[in-house]
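Heads up, the next two complexes both have chain A, just with different partners, chain B and then chain C.
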Partner chain A sequence: MASKLTRSNRAGWLMALPGVGLIATFIIVPFFLAFGFSLTNQRLASPNPTEYVGFENYSDLLGMAFFTLEPERDEAGNAVVEDGEIQYPRLRKFTRNNPDYPNLQGKREWFSWQSGENRKVVLASDVVFMKALVNTVTFVLVVAPLQSALALGLALLINQKLRGISLFRAIYFMPVVVSIVVVSLLWKFIYSPGDGLLNNLLSGLTFGLWQPLDWLGNPSTALGSIILMSVWQGVGFHMVIWLAGLQTISPTLYEAAEIEGSSKWQTFRYVTWPGLRNTAVLILIVITMQAFALYAQIDVMTSGGPLDSTQVLVFQAVERGYGKQDISGGSTISVLLFLIVLAISLLQRWLTRERT
Partner chain B sequence: MALVTPDNHGLRLWTRYSVLVLVAVIFIFPLLFMAMSSLKPDQQLLSDTNSLRAFLPVGDISMQNYTDAFERAPIGVFVVNSVLITGATVLFTLFVCSLAAFSFVFLEWSGRGLIFSILLATLIIPYESIFIPLLLMVSQLPWIGTGGLEWGWLNTYRVQIIPFIADGLSIFLFVQYFKDLPRELIEASRVEGASWWTIYRRVVMPLSGPVIATAAILKFLFMYNQYLWPLMVVQAEEIRPVMVGLGYFTDQLNVPWGEVMAYLTVITIPVLAFYLSLQRVFIASVASTGVKG
Partner chain C sequence: MADVMLKGIKKSYGPVDVIKGVDIEIKDGEFVVFVGPSGCGKSTLLRMIAGLEDISGGSLEIGGTVVNDIPASQRGIAMVFQSYAIFPHMTVRENVAFGLTIAGASKAEKEEKVAEAARILQMEHLLDRRPSQLSGGQRQRVAIGRAIVRKPEVFLFDEPLSNLDAALRLDMRIEIGKLHKSLGATMVYVTHDQVEAMTLADKIVVLKDGYVQQVGAPMDLYHRPENLFVAGFIGAPSMNFLPVDIVSRDADSAHVQSSLVTQFAAPVWREGIGASGAATLGIRPQDLHPVDSGGILTGNVTLAERLGIETVVDVALSDGTRILCSMAEDRVFEPGQEIHLDFDPARAHLFAQDPQAKAA
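And then the complex of A and B:
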């Protein structure tokens, strides 16, 4: 294919070099460094030489164990019950220097449940990290479908031929150009407990029936509040991508559907939706990748609290890598984050390939 | 005002517009609240939240919060820094990435295909997953400054600019656009003896207005809104950008909300105005990131 006219090694390399060199230095090298550091005990600044530690960082983060705690028993072999509650030995007895249970060494209780007389306990080496992992995945699993569905709804709304529609489109997109830091701070105020703006608004709409919530201060509502705000900020972005997808669908298909007398839902189901498949996969991936990287909202609004209910992966990576100057610990979380994102984009490749 | 056609009856039109307006209110109210609150003293700001007064410029209206905010923090310095860092990065990006894309599309050279696929692969690396090792790296990089060779990039403008000049998406956007340009045009100039550099400068770039706007807007939004990276690499006040400067207000025991709203308004309204004046271009830019599928 190479024509004599365009073959030019020297010019080609020279022109590509600045861009390629910068990407190699500031994206590819740190990417591989993350893998490297995750196998060492590298710190930001340390008098001691860096040592290779194998997969220790990974087992420190991901180590888990399952343990059945049996009740304390009296001489007759019955479970000891005090104040109506079955008494158990302290978990500490097993996790601190107990030679019989080397696999529990240093682990802490993550969660537990009752099973007959026994208590089943799941222990983790790093409970905070586990919570961060679960919160991040929860955030992604809620935000991805919610935000893409709302964005599609908005795109359909804005795809009508009405006078002044571009004004509405411009307004719906507005939060996207506002910094997430600004948005987070603003919503932190809106979410104020008691007499906050949102509480007052809801109380007004329900004629005073609304019980004020401490949105960000309560472990059961904090993550949900952050999800709601994140969707509010980001939904316009994906609305625009949906809109671009909608506009690739040929108008003749809609005309045909109208002539056939199909209902609105049928038109959507059999004309619009099939034309949006690739857009749908793309949007889910984009949202997922953005959602996994969530950081600013947490840093501005909750710092991971209350009770670690809003801890997330990037926040943990920064707290360790930067806050505690533990580059290796932060890098290990970064690698795990990347592996999750990679797995999801491979899934996307597979999903799109199957359909074409 | 309403466009009345046989199948657009007044009532249906009215419902459609009320839905549109209702949704618009959801997107506007926090921003409206921000702008209005910035004009009120703290006490009124808080008490106004229990009525629609929160969204109106009523009561004790003044620019006092702005005066106080500018006294509390060197906001002017932060704004200048952000403009400088964002502007410089955008300009470098446009040049470096378009040049690389030009080379990928119009020139044949060994290793081109391989390098291009590696660049595409970097698209799935989130910046957040490389910031920690990058932090260690930039803390030890060399630089030739006024005083000769020095080590370490922390606390500089360059650490906020150089790592973000080149990225896979910007190059990719240019590549997609260049592919659709008529090749004959380039080959004709080549036959006439123009150098590659001349073709890039005189033929290709003048035809690339739309993609330049797209790449510039996306980079602008990314850079102006950067938070985590400057938080980690910048301690000195004189090179701090606007988003990190917020700490002056939020790290207080009693957050001065009026001043916070004033600061948020100062750093947001110019961007919103810029967006609203060019909204078609902005929206087209974002839409084009979706077409890559």
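And then the complex of A and C:
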């Protein structure tokens, strides 16, 4: 039945063209373009020609310096103290056009701490990027273990033969089906200051002792709130993957363990967990990648604020590339993110490799 | 060591009755085999003894104690599964010692008991391997090792050889037989393979549709099957059945004949055989032999299978009924050739007419 059409090489390529073309246009080409742009001063729209700038974008983002600020001293050489506080020269004396400190040029204070009379200061070329990097890593470090553990717990609960168990499966999976943008909007209401749902609930549970918080408007709770909501939203998806892993474990292994008198915990430790190795590797890598790609929640709920406490890498990449029309800066962040995720995935694979 | 007593054991899944009242007495140290076609409830029965299935009715005693509500781990049993059920991520040593690990035994105790089990099963050289590096037979050995370490009063085997190839199955069958002799423990063994049942068992329990059909020593079942099902199930190739009419009967024999069967006197000892009426004649293929002329049955050869040591001939009688004849010699038959078959009337089996005769 093979017609000429199905055997023709050209026809084959022609049929593959739409798919291949779309993938190339929107995934493969942009991927390499990002590498290319990150080495130039390309802007979204600019009258000036694009120039090759080498690794300048990278040093602009990653540039860091360490500086010890010594107190101002009087004639006797003692530190000047006013109102109980040691007085220091202003940092900008060193960072702005000071020929003695070319390495501090243009940098700003990221954080500092007191060391005796001196103040140790860490400066960064791009403080916002550094905050975004730290926030992203924090997000990943909290979300990866929390979400995978919770998802495993739920999977163990719903992997039972109970009446109506599929109802629970559906309920736990529901947040995954809802668009993250919608979920973010809903949680914005839940978190809203004053009479938001969460504040009301806590106040009800504590008989009015709870002082309402502005969850997303407070730098110390904003990132935590986003973490909580993200874990809730994604947990159902990973639950299903765990569940698939659980169901590959042969029931006779459980029966064998039961006959040996294994307790619930021992059964988990000796039968279930070892049987889930491959699933665990998969889930850890997927969660890590998803967590690094955090964007929609930030865009909808906080736009990186307050005080950059919820700045994250992808949000920064978009903000720079399109908000500030700095395509090369956005590309550089994307490339850095790619390298970070790649490195972590390789590390995780190596750490969880099968030892023989 | 312990007896196992099943008294009126029943099992239902919702409205479906799987085991419909089973009474079996298994004596201390006996090797009992449950056989039956798939779906007869033999595995379910074994799993109820193991404690992996709830008992819906009746009582189960192991060593004189009713164990209906005692968890599997405290019944003093060990079970070997068809799929081996050895833990893939543990070495053989860890697998065999699993029960001891669970119980928190000391390292020295584990070493000692694992070494003993390994010696009995001759698998000392396998102890540090992983299950993925073992053959099917070796895996089953590990599973048996794990059972031995528990020092159970009753060993339960659930079709342990079904996943092995034919040659290995023979080896392991001999091993299990030896194991039973050396340990002297009570063993209950489930299989659908009647050869395993015949060779291993002290006592065979034939099950069908949740009922016990017959209990007895292998040769009792072979020579004196109580009903058509047992007669057809035990022995390979299966017994031939032909409808006959009873012409006359005296104390221990009956004259029978039909359009296919020349009149002869068959021994009668089963109940339900009257002085006249219909009955079912059973003859084992091995009891039939070709004769040059005459004989009780006549037909045409449709197919002859030569196995070297025996020849199995498929014969179509005049009305198209097919019967098998197996002779312990290598002989050539041409398809279509006429054949006369005779047999020793004393070896014929006469069954009361059973509406299910054809189904069986």
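In the analysis below, the second predicted complex is superposed on the first by the 326 of 356 C-alpha atoms of A that agree within 3 Å, B and C clash if a C-alpha of one lies under 4 Å from a C-alpha of the other, contacts with A are read in each partner's own complex, and residues count from 1 in each chain.
Following the convention adopted for this analysis, a contact is a pair of C-beta atoms (placed from the backbone, for glycine too) under 8 Å apart; a residue touches a chain by one contact, two chains touch by 3 or more.
If you're wondering where the values come from, they're calculated on a predicted model, not measured in any experiment.
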Could you tell me whether chain B and chain C fit or clash when both sit on chain A in the superposition?
fit
Regarding the shared-chain residue A:Ser262, is it in contact with chain B (first), chain C (second), both, or neither?
second
Nearest 10 degrees is fine: what angle do the Cα centroids of chain B and chain C make about that of chain A?
60
When both partners are placed on the shared chain, which of chain B and chain C touches more of chain A
B
Identify the partner contact of A:Trp210: answer first if only chain B is touched, second if only chain C is, both if each is, neither if none is.
neither
Should A:Tyr58 be classified as contacting the first partner (chain B), the second (chain C), both, or neither?
neither
First (chain B), second (chain C), both or neither touched by A:Tyr88
neither
Would you check which partner chain A:Trp232 touches, where first means chain B only, second means chain C only, and both and neither mean what they say?
first
Considering only C-alpha atoms, give the closest distance between chain B and chain C in the superposition, rounded to the nearest Å.
7
Once the two structures are superposed, pull the chain A residues common to the chain B and chain C interfaces.
none
Can you name the residues of chain A that touch chain B in the complex?
1-3, 5-9, 11-16, 18-23, 26-31, 33-34, 37, 42, 44-45, 154, 157, 160, 162-163, 165-166, 168-183, 185-187, 189-190, 192, 195-197, 200, 232, 236-237, 240-241, 243-245, 278-279, 281-283, 286, 289, 292-293, 295-296, 299-300, 314, 317-318, 321-322, 327, 330-331, 334-335, 337-338, 341-342, 345, 352
Any idea which chain A residues touch chain C in the complex?
250, 252-253, 255-263, 266, 270-271, 274-275, 277
Name, in rising order, each residue of chain B that touches chain A in their complex.
1-3, 13, 16-17, 19-20, 23-24, 26-28, 30-31, 33-34, 46, 49-51, 54, 96-97, 99-104, 106-110, 112, 115, 118-119, 122, 124-137, 139, 162-168, 171, 187, 190-191, 196-197, 200, 221, 224-225, 227-228, 231-232, 243, 246, 250, 257, 260, 264, 267-268, 271-272, 275-276, 279-280, 282-283, 286-293
Chain A-facing residues of chain C, complex:
50-52, 71-74, 77-79, 81, 83, 85-90, 98-99, 101-103, 146, 150
